[in-house]
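Both complexes below contain chain A, partnered by chain B and then by chain C.
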Partner chain A sequence: MKEAIAKLGGWLKKLKIRAERPSSDGNGIRKANAEQSGARTPSPFWVIVQKEFGDHLRSWRFGILIGITVLACIGSIYGAVTSLKESAGNEQSDTAFLFLKMFTASDGTLPTFATFVSFLGPLIGIALGFDAVNSERSKGTLGRLLSHPVYRDDFILAKFTASLLLITVVLFSLGFLVMGLGLMTIGYPPTPEEFIRVVLFTLVAIVYVGFWLNLSILFSIRFRQAATSALSGIALWLFFSVFYSMIVGLIERATAPANATSVDQLLSHANGILLLNRLSPAYLFSEATTTLLTPGVRSLGPLTAEQVVGAIASPLPLGQSVLLVWPQLIGLLAATMACFGISYAMFMRQEIRSRS
Partner chain B sequence: MNQSAHEANGRLTAGREPSVSPPAPPGQPVIELKRLTKTYGDHTAVNALDLTIRRGEIFGLLGPNGAGKTTTILMMLGLTEPTSGSARVCGLNPARHALQVKRLVGYMPDDIGFYEDRTGLDNLIFTARLNRLPEREARDRALQLLELVGLSHAAGKKVGAYSRGMRQRLGIADVLIKRPEVIILDEPTLGIDPEGVRELLQLISDLSRKEGLTVLLSSHHLHQVQQICDRVGLFVQGRLIALGSVAELAEQLDETGTVTVLIEASGWTDALTERLQALEGVQSVSVDAKASTENTAAGESVATLVCSRDVTSEAAAAVIECGARLHAISRRQYGLDDIYHRYFEGRETR
Partner chain C sequence: MRAACRRTIVSLVLAIILGLGGTAAGFTGSVVSAASAVELYTPYLRLSAPPGESITYSIDVINHGSSTATVDLGFKAQSADWEYEMTAGGRNVSRLAVKAGESQSVSLTLHVPLEVEKGVYQFEVSASGSVLPLAVEVSEKGTFRTELETDQPNIQGHADSTFSFTATLRNRTAESQTYALSAAADPGWNVTFSSGGNNVSSLEVEPNAEKSVTINVEPPDTVKAGTYEIPIKATTNSTSAETKVEVDITGTYGISVSTADERLNANVTSGSSSKVDLVVTNSGSAELKNVNMSASSPTGWEVSFDKPTVESIKPGESARVQATIKASKEALPGDYVVSITASSAEKSADAQIRVAVKSSVLWGWIGILIILAVAGGIYYLFRKYGRR
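The block that comes next holds the complex of A and B.
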């Protein structure tokens, strides 16, 4: 434990140094900008971000979604707490990382908090992004906005930033709400490692929701009708969160090698199916969150008996868990970036005409 | 080529952007288009357009829908890339220095939209801040402009509740908030009632005179804009077919050699028709006896004389001598409408 904390301390220090460096750079840039414009006025980018943020906050759509999410989360905590209380009486129950169970345990009636986030998060992302560009176009504000000195890429980047900021605020408040409620109900304080794991889980969730947000912004650039883009976004979301695993299951059964085959064949088949599964961002997210919230998860792929021999069934330290989900995280980030790149290229080529 | 390269380019070279020259004296060209062409696939929207607009003038770009007016305007603003040819606005190339051009040029799209769930004042402040005005100054300027366009009473109302005319006026305020040198108005009079049009045009022309603004407005409502335009360009199918002041264009038409005289009279006789026909220079007489509309009493006829010279007074004398009652006689002046129709007739037979 001590070792872990020492490691953590070092890691935090590194983070600090990293955090300080860009901030000083940022100040430099801002200063240069201010000098250039002759006054301390925010750049158009931040003006748009500010406006978008306000618009989202005031919109009904966001209010409804946040209501659903908060209710779902409270329900899931209730379920988690009851299941924890039941197992608390049981002598054999594992008290290690009890706090994290708040996020992953369920009494069977309601899904866990992590499941709710993975299911409702994309919906928030889609709801915030599906009409980002096409509604501006159909309202005739896009042409007007871009006739002012605003870079086009700043416009979509500002839309994305504002929504992502909002998502960050929402997910962090939800995460901390769950933690606070948990503290009050089970009276079991989190260790620093557990706290960091929850924060990391929230960050991964932000990246995941950010991916869906970007995808829906891409649709909003591609489709002129807000309804079309919303439906495409929701269709993809349903496909990946419900049907994709079924389809992969079908393929798995269809291609499964006959019973008496070598380990190599079985392994390559399992790996192939895993690869198929990992094409879905929902799967990547679920892998990442399970690993982060359940330190007992030691591997995400198939392991042979030889590989497990001699392994001690103990929870992974934080660093190792992060290492394990690193590829998943990078995959999600890459998907987000790809969506943004495509939207950028598309938007730059589009002609800005009012309402056409 | 796409927009990105240029906008990115503009950003990269921000450090050594061309310094914005102080306002040039009146009469200097502000907008210069040279052989500007834009094609969409096989369709040529704008065909080798040459146009120079001088500082301080109000220029009307007239043409039917789909003539390429909006495309031309978008190219001037760098919102669309020309296929060939060049545009210079305030000495800058809009495709290369889109941002600098956008700082100097105010553009009101034909179908202007605002954020409907925000107030007019909020919308203006947002625009002002996009143009990097500090918050306080933005608010002051927005209030000032609302006053100017006569919307002070509606400043706190949501734009969703604005009428069409109010939106257009808010649009003017939105364009002016950045203190532009040039304003481009795309169909500013679309969908407003006649009184609203008159007020709006008056506002535009006042602004142009007072602040020395260069105004380019496009329209297909000819008689509306002819009151305030210094010069007009007739734009049909991507080509500029006529250019000059309204009077000049009318002269060009008159050179075709005919004068039209309209006579309204009651008690018309065939003898009168013959007599008019016999007048020197009259080429044709057409009488419409059934023209008993609200303005013409029963039994009144309207005759149209096409002549090679001005015969108004002789015709009037002839009518009276034949015992008919003359109600009105006029020599038709060519307005922009007629000019427009003429060019159109020409186009159709081509």
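The block that comes next holds the complex of A and C.
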């Protein structure tokens, strides 16, 4: 992370230098290192990354999305703070891991911060990736760019890296924004474990948003029309975020054993439904974030009475929480990497000279 | 008093000697009076009395003469321990005047000493040549001593109870005595005396009277089962009495369970086992036999002990037992309670151990393998399609 920020800092400096100089590049991406007069010429990869990053940052699309997200997050923090303040005087309220409740608490009017991230995060990912390749192709800039001494894999890697960097910056800013606002309003400093849990949550969110980014890049490679890829990405996002749980609920009711006779039967049914649910990355993400942000969560599947006998309600240590959601994390990471791998392979094998 | 009497006797003797005009005759010499007109009379010449009692004689001094006689009264005892008083009209008297043909009554009080042998003691009352022999038969052997007795010198009880003995302190001396009470108990024992509801350390007893004293004995906490004798003493500078009380302590039963390092938590990975060193301590004062170890654990867990039964634990000692706690495969990560009980026939104790279950990291490694496989696939793609 530090490394990325350091690179970013360096890039911002370069951007300033470039802004001072009369800009000659238009809409497309152009190789700029020929004009660079520095002693060390940056590799084409980083140049593309910087350019992409800057384009995204200045685009209306991103501005609107980030505006919505920031507003939503501030609203959710406000809700969390008011609900925390209400419960502060309550004797029964648990003060352990109070700071984490900033991310998971809600006063009922607005969803929690974690919910907003899981809902709006994919949208950012899709918005950053849906026209990554096909717009370049349709504008003809792809062929022009690749006629320069730029490796083809540098192009696709840089597209991905720039977007992921932007997502990282956005999510960390949001996460730290929540932490800062929380510190200011509730005046309760986080413990190191809470801090690490928040950072882990942010990293998982980056992976999750990265998955949607990769998926939309994949669509942008597969579909020649930017509108098609955007719509397919948004359709999938809506399907997994909203409709999938409904459909699974429907299946659950339809397949529920009529006469609940044995525990095994019920258990196998519940496990089957859980497996169906876990096919959705949104569900995996919600499980991972719930466990990371709520240390009291000890199990994600159905529980038998035997497992609960003798158990004491106590928060899990961080390592155990991570171990509990390790399959979810692996699943998200693997899905993200697989999407990237497929889009990479697809792009590398694609005919790029033709416009359509 | 006695000395005063003696002095009177001596002065009397002197007076008589002088009176008789140098006749070298003591009291023994004047046993038989030659021509005395004075007669001494009392009806009871030989009486029986126990030691410590007082005998009062009423002696009539009769003047058979024709003129008023002046009579000097004398008393002679065999041993000086006997005390007497001769009174008339409420006062001590040593010389009488008896009119002719009349009689005067004199009262003689004789105190039988406490410390006296059984037997017959002779006395003589003399009055100007007339002698009245008296005899006192002491019916029993007299004492000068103190008695301290308990009706019930043995009490049985637990180590944590207070033992109360009732003792009677009798003063068999002629004088009022102040007794210091003391107990020669082992260190740690607490012995207190109380009389009339108050704790006392000394007790005053009138002569020939008795007082009851309560002896409270508190054994130390660490006392072992057994019989303990505690000598109790009541002493003055002249007399003392001693008795013994016996405390029979039946052992208390106490047992406690803890771990070797007093930490009541353990870590275990679900599906595998962890060892906990338990210490079973006999905190009572009696030996514990056949201490059974048992555990109540969550369903699917197994708790085994290397020594399921400890044959015997002596008081104050402890035994070590190693427990192996095997968590169920289905155990959730987090904390569970395993309660371990050590029970003998008399007493049982339990220790609740908080067991933190950790999930197995096996699946974690499998996950990392999956990620590595995916990363390997991407690397393969890089190698195959890269740098075009």
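Just so we're on the same page, the second predicted complex is superposed on the first by the 314 of 356 C-alpha atoms of A that agree within 3 Å, B and C clash if a C-alpha of one lies under 4 Å from a C-alpha of the other, contacts with A are read in each partner's own complex, and residues count from 1 in each chain.
Keep in mind that, in the parts below, contacts are C-beta pairs under 8 Å (C-beta built on N, C-alpha and C of every residue); 3 or more make two chains touch, one makes a residue touch a chain.
Note that the structure is predicted; figures quoted are calculated from it, not measured.
In the superposition on chain A, contact is made by A:Ser43 with chain B only, not with chain C. In the superposition on chain A, contact of A:Met348 is made with both chain B and chain C. When both complexes are overlaid on chain A, the residue A:Met246 reaches neither chain B nor chain C. Look at A:Ala254: by the touch rule set out above, it reaches neither chain B nor chain C. Of the two partner chains, chain B and chain C are each touched by A:Asp153. Shared-chain residue A:Arg144: touches chain B; no touch with chain C.
By the touch criterion defined above, A:Arg298 reaches chain C but does not reach chain B. By the touch criterion defined above, A:Pro327 reaches chain C but does not reach chain B. Taken together, the two complexes place residues 151-153, 344-345, 348-349 of chain A in contact with chain B and also with chain C.
Chain B makes touch with chain A in their complex at residues 2-4, 7-8, 11, 14, 70, 74, 77, 79-80, 99-100, 102-103, 105-117, 126-127, 129-135, 171, 174, 178.
On chain C, the positions that touch chain A within their shared complex are 297-301, 328, 330-338, 354, 356, 358-359, 361, 363-364, 367-368, 370-371, 374-375, 377-378, 381-382, 384-388.
Across the complex, chain A meets chain C through its residues 151-153, 298-299, 303-307, 309-312, 314, 316-317, 319-320, 323-324, 326-327, 329-330, 333-334, 337-338, 340-341, 344-345, 348-349. Taken together, the chain A residues at the contact with chain B in this complex read 36-37, 39-44, 47-48, 51, 55, 58, 139-141, 143-153, 344-345, 348-349, 351-355.
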